[in-house]
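Next up: the structures, one after another.
Look at the two complexes coming up: chain A is in both, with chain B in one and chain C in the other.
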Partner chain A sequence: MEPRKVTFPHMGEYWIGFKALAERMGCEVVVPPRMTVQTLELGTRHSPEFVCVPFKYNLGNFIEAIELGANTIIQAVGGCRFGYYAEVQAAILKDLGYDVKFIRLDAGRNPLDMVRGFRDKMGTNKSFRDVKDAFFFAARLGLAIDEIQDFARKNLGFQVTPGQIERIETKYLARLAAATNIREVDAIRQEAKAELGSVALDRPENPLRVAILGELYLVLEPFSNYDIGRQLALRGIEVHQPLTITEMINHSIKGFKHVDELIAHSGGWVDHHLGAHGTESVSLSYTLMKEGFDGVIHLKPFGCMPEVNAMSAMQKLSREYTFPILFISYDSQTAETGVNTRIEAFCDMLEMRKKGVVSA
Partner chain B sequence: MTARTRIGLPRAMLYHKYHVLWSTFFEELGCETVVSPQTNKRIVVRGAALAVDESCLSMKIFLGHVEALKGLADHILVPTIASEIKGEEACVKLMAACDIARHSVDDISLITYVVNERRAIPEKREMLRLGKMFSKNPFKVRAAYKKAKLTQYAHDRELAREQKSLLNQPWDAPRILLVGHAYNNHDEFIGMPVKRYLESLGATVFDSEAFDHDLARQLYANISTDVKWTYNKQLLGAVEYYRDKVDGMIFLVTFPCGPDSLMVELCQRKLTDVPIATLVLDELTGEAGLRTRLESLVDILRMEAANKQGDVASKESEAPRGAA
Partner chain C sequence: MLKSYLGIDIGSISTKGVVVTEEGDILASSYLWTEGNPIGAVKRLLAQLEEDLTGTEARIVAVGTTGSARELIGAILDAQAIKNEITAHAMGTLSLHPDVRTIFEIGGQDSKIIILRDGIPVDYAMNTLCAAGTGSFLSSQAKRLGIQVEQFGDYALRAERPTKIAGRCTVFAESDLVHKAQMGYAVEDIVAGLCNAIVSNYLNNVGKGKKIEAPIVFQGGVSKNVGVVKAFADATGHDILVDDCGHLMGALGIALLAKASGLEDDFDFSIRSMSFKTTGLECGRCPNNCEIVCVLRDEEFLAGWGNRCEVGLEQIMRPE
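Right after this comes the complex of A and B.
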């Protein structure tokens, strides 16, 4: 058998973690090229008509990576249609004449189960301990990425020297990509924290605070949402994004308890789990509103099942409390200008509300 | 003596799978069951207005039915089905149906029972809990559940048996398998017009729902190994069983159904030995366009069948139909 060349779908900057994980399995890694409009076009051309848009992005990533020599694809599995991506994508790639092997990264019943399953499917000669360490290392990278990006989102709009935070972010992400062990990652994280902490900020006393919620892929992949987080931040808004890989790791440890907690804190807005991150969307909308946030932006692919479920509660919540929530659906045909216009109008409205120009 | 409690059953979604179970259960407990009318234009229009735009047509129709029961029932039953079999899932719409109904239709009293085998919440326990709302006598509730379960089982078996007997009947028109969820195939707005029109054209229509679910569970893996949705497994099992017994298949999908968007794609790629047509329906579907497509499909299948039969007849005069 020819040597494994592993690839995986892009999602934000987390490729750093995926790459580290696959490399530690002793595989050569082909990181898919940065996403472009072509990636989406390529994916859309070969995808079912009304599948959700992350499927199309993933497929585009795969084809581009296969063209660069990849022959093995790691695809994660989730609690909605996402759980069924791999088999259909495998059938599509096979019909296109590509000979690739899919490895499902199954969440399993608990993290231990996940590590064991992954080890078996990779058919690696690494010990369980090595595989477990690889997961820990990848997770630690994820935490570091989240910490840096979280700071950037919250402060980007207030920096005195434009571009300074972005430069620091790029620098440390590059260093994380080159890190080889956990100690190094922690050191980089500390350094980044110190350097980011010393950035001169001109922060108003009470800035607008907006949270981005919704479907995981669209929230985490800035290319797919036209970098909404940055757009908002540059308008002087403190952007919060509760969904991150850090959060995902916490979920997988807590299991069902996590959902129960969300339901308990939803103020009666949700009684049963809505699937994937639907419960989060409703429950967090409620808690963030209570915390005094100025608004929520809810992102989802067109037809996303869990997030559409969440919307009926969120729309009612928004009406009853006159709490601004902007719902945006993305598909392969969504135009960036259209999204930008809606974001601008939403921000204008939030600013006017804050100044008391309009009430409700 | 107070009037009997009226339990509303929306004639949509899982009603088409479990109506026997529900009506037997509540009637045994001394409740009256009220079923919403057959889906009509008004229900569809109201449902589309109540639902989030991007909901599937089946969900829109469901909300229309829930609203139609307003004022006619004391409680409306909307089950929360997350996972009927360990390791499997139901569509997330069915998990959330109760929450969606609650937030979309005002002034109704909903009752629900949860089935989530992944968290070890079995149907029996939850239905007994529900039953105790209407009867103080736990033995009566148990007996009601048992009878309901058996009646439902007999009903399903009868449907499957009837359909099986169709296979042995002589035929000359094309045989078509209508592949769709129970709530689509049996809905008066979605599947029934398609079925009736096909039959008026002389086709014999098989229903993917009237099929032995246990058998389906043994067969589905020939097409898909990864699928986790219980109901899609049942559909795939029926597809696998009938693929060499029918002349063509129609996949009946409501826009934008999540599970089916992937399942249909997989079937189109993997089933190369049987003609497949996909009908995607939404609340705006025009009947004329639909009829034209069905007519041409039946024509094509009839020609194909005639060709095939001609070949077979020349070889073995007895066999009604050759293997595909």
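Right after this comes the complex of A and C.
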């Protein structure tokens, strides 16, 4: 058999963690090329028209990676339609004449279950312990990436020297991608923290605070949301993104209790699990509003049921408390300029609310 | 000298301009078709405004642009304020109606709603996808019924029993309308039904989930249609305010924002005689293949948009 060359879908900078995981399984890895317009075009051309847009991006990543020699695809699965992504994508790729194997990364009942299942499907000769360690290592990378990017989102708009935070971010992400053990990851994390901490900031006392919520893929993949987080930050907003791999790791440890907590803290705005991240969208909108956030931006793929369900509760909540929530729905046709206009208007509105005036 | 501010709203269909005093009084205004050529339209607009201002003491010290071509025209005129149409409309309307709580706007191709409280916009929505319920839909249906779109409103007001028309989507509305016309319903009733359909489409799409409270101001081309105004009043149970200068609100708002910017630079109408050219080109440096639009002033690069990274513009400014 040909040696395995593994690839996976892109999601922000988390490829660093996925790559480390696959390498530790003893596989060669083909990281899909950076997302471009071509990725979406390829994915859209070969996808069913009405499938949600993350599916199209994933498929585009796979095709671009296969062209570079990948022959094995690791695809995560989850609730809702996401559960069928792998099967449908496998069928499409087969029809296109590509000979690839899909390995489903199933969250399972708990983290150990996930590790065991993954080890079986990979058919690796690595011990359970090795596989578990690989997950730990990848998770540690995820935490480090989140920490750096979280700082960037919150401070990008206030740096005295434009581009400085971005340069530091790029530098440390590259170092994380080359790290070989947990100790090294932790050291890089410390260094990054120190260097970011020394960036000169010109920060107002009470900057506008906005959180980005919604469907996981759109939130985590900046290319797919037209880099909304950065756009907001550059308008002088402290941007929060509660959904990250760090959060997901915490949740998977808590298991089902996590959803119960969300419901309990939602002020009665959601009383059952909406699937995927719909429950988060509603519950977090409520808690962030209570915490005094200035607004929420909700991202969802066109036709995404869990988030459509979340929206009606969010709309009511927004009306009840006059709490600004901007809803943006994406498909492969969504025009970037339209999104930019709405973001700009939203920011103006938040600023006017805060100051009672508009500035040009 | 009379300090004044120029605001220009360049939409895909029409281009509007106003010159206002420091107090916000309109000194001159103009309205014309964009005809797919925003630069040409703005030049014609400037000619009209300049003519209106001759003999006055007015001197323009700041310029603002809004509408879909705001970046392009803003670059050409070296504008002090470049803002989206929602903010501009809200500011313009507030200057005339400080207590406004809801703004409806239905234009030729899009529609929006802005919710305000205590003089501050707090929520908005816009619809650019669905053509049902926009001006162009109304005019095409008027043609189908063989009446002038200007008479539409009067027909609607004469209706005794407005026909029910499915307004969810242009395709359905159109076939329903044809069907009702063939069944022999009075044209007046059909027209009134159409106005109701537009209003319910608007309230269910753009206005969905919004708390609509009076005072309500209705703007955009369709606000000139008394049939639609009446349908809005019936549907909301409130008076609907329509200003004669409702179409100028975006331009007025952006003029006021130019003033609020605090930046000043004497504006010279002679900019009209300069030659501006836009060119589109594909970057081609990576698979994104961004379409970059550049504007040249007298053959010299002025500004460019559409590049996703710096490489795109650098290549244009410094071709090897």
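By our rule, the second predicted complex is superposed on the first by the 356 of 360 C-alpha atoms of A that agree within 3 Å, B and C clash if a C-alpha of one lies under 4 Å from a C-alpha of the other, contacts with A are read in each partner's own complex, and residues count from 1 in each chain.
The rule is simple: a residue touches a chain if its C-beta (ideal position, glycine included) is under 8 Å from a C-beta of that chain, and two chains touch if they have at least 3 such contacts.
Source: prediction; values computed, not measured.
After alignment on the shared chain A, the placement of chain B and chain C results in a side-by-side fit free of clashes. In the superposition on chain A, contact of A:270 is made with chain B only, not with chain C. Of the two partner chains placed by superposition, only chain C is touched by A:349; chain B is not.
Once the two complexes are overlaid on the shared chain, A:162 sits clear of chain B and of chain C alike.
Using CA centres, the angle subtended at chain A by chain B and chain C is 80 degrees, rounded to a multiple of 10. Once the two complexes are laid over each other on the shared chain, residue contacts for A:308 go to chain B alone; chain C is not touched. When the shared chain is aligned, chain B comes close enough to touch A:95, but chain C does not.
Once the two complexes are overlaid on the shared chain, A:48 sits against chain B while remaining clear of chain C.
When the two structures are aligned on the shared chain, A:322 is found in touch with chain C, with no touch to chain B. In the superposition on chain A, A:197 contacts neither chain B nor chain C.
Looking at the shared chain after the overlay, A:36 reaches chain C, while chain B stays out of its contact range. Chain A is touched at more residues by one of its partners, and among chain B and chain C that partner is B.
Measuring only between alpha carbons, the smallest separation of chain B from chain C in this overlay is 5 Å.
Counting contacts as defined above, chain A residues 312, 315-316 meet chain B in one complex and chain C in the other. Within the complex, the chain A residues that touch chain B are 48-52, 79-81, 83-88, 91-92, 95, 104, 256, 270-276, 278, 302-306, 308-309, 311-313, 315-316, 329.
By the touch rule above, chain B contacts chain A in their complex via residues 51-52, 54-55, 80, 82, 89, 91-93, 95-96, 98-100, 102-104, 112, 114, 119, 224-229, 255-256, 258-259, 261-266, 269-270, 280. Within the complex, the chain A residues that touch chain C are 33, 36-39, 312, 315-316, 318-319, 322, 324, 337-338, 341-342, 344-345, 348-349, 352-353, 356-360. Within the complex, the chain C residues that touch chain A are 64, 68, 80-81, 83-87, 91, 117, 119-124, 126, 128, 208-211, 257-258, 260-263, 286-290.
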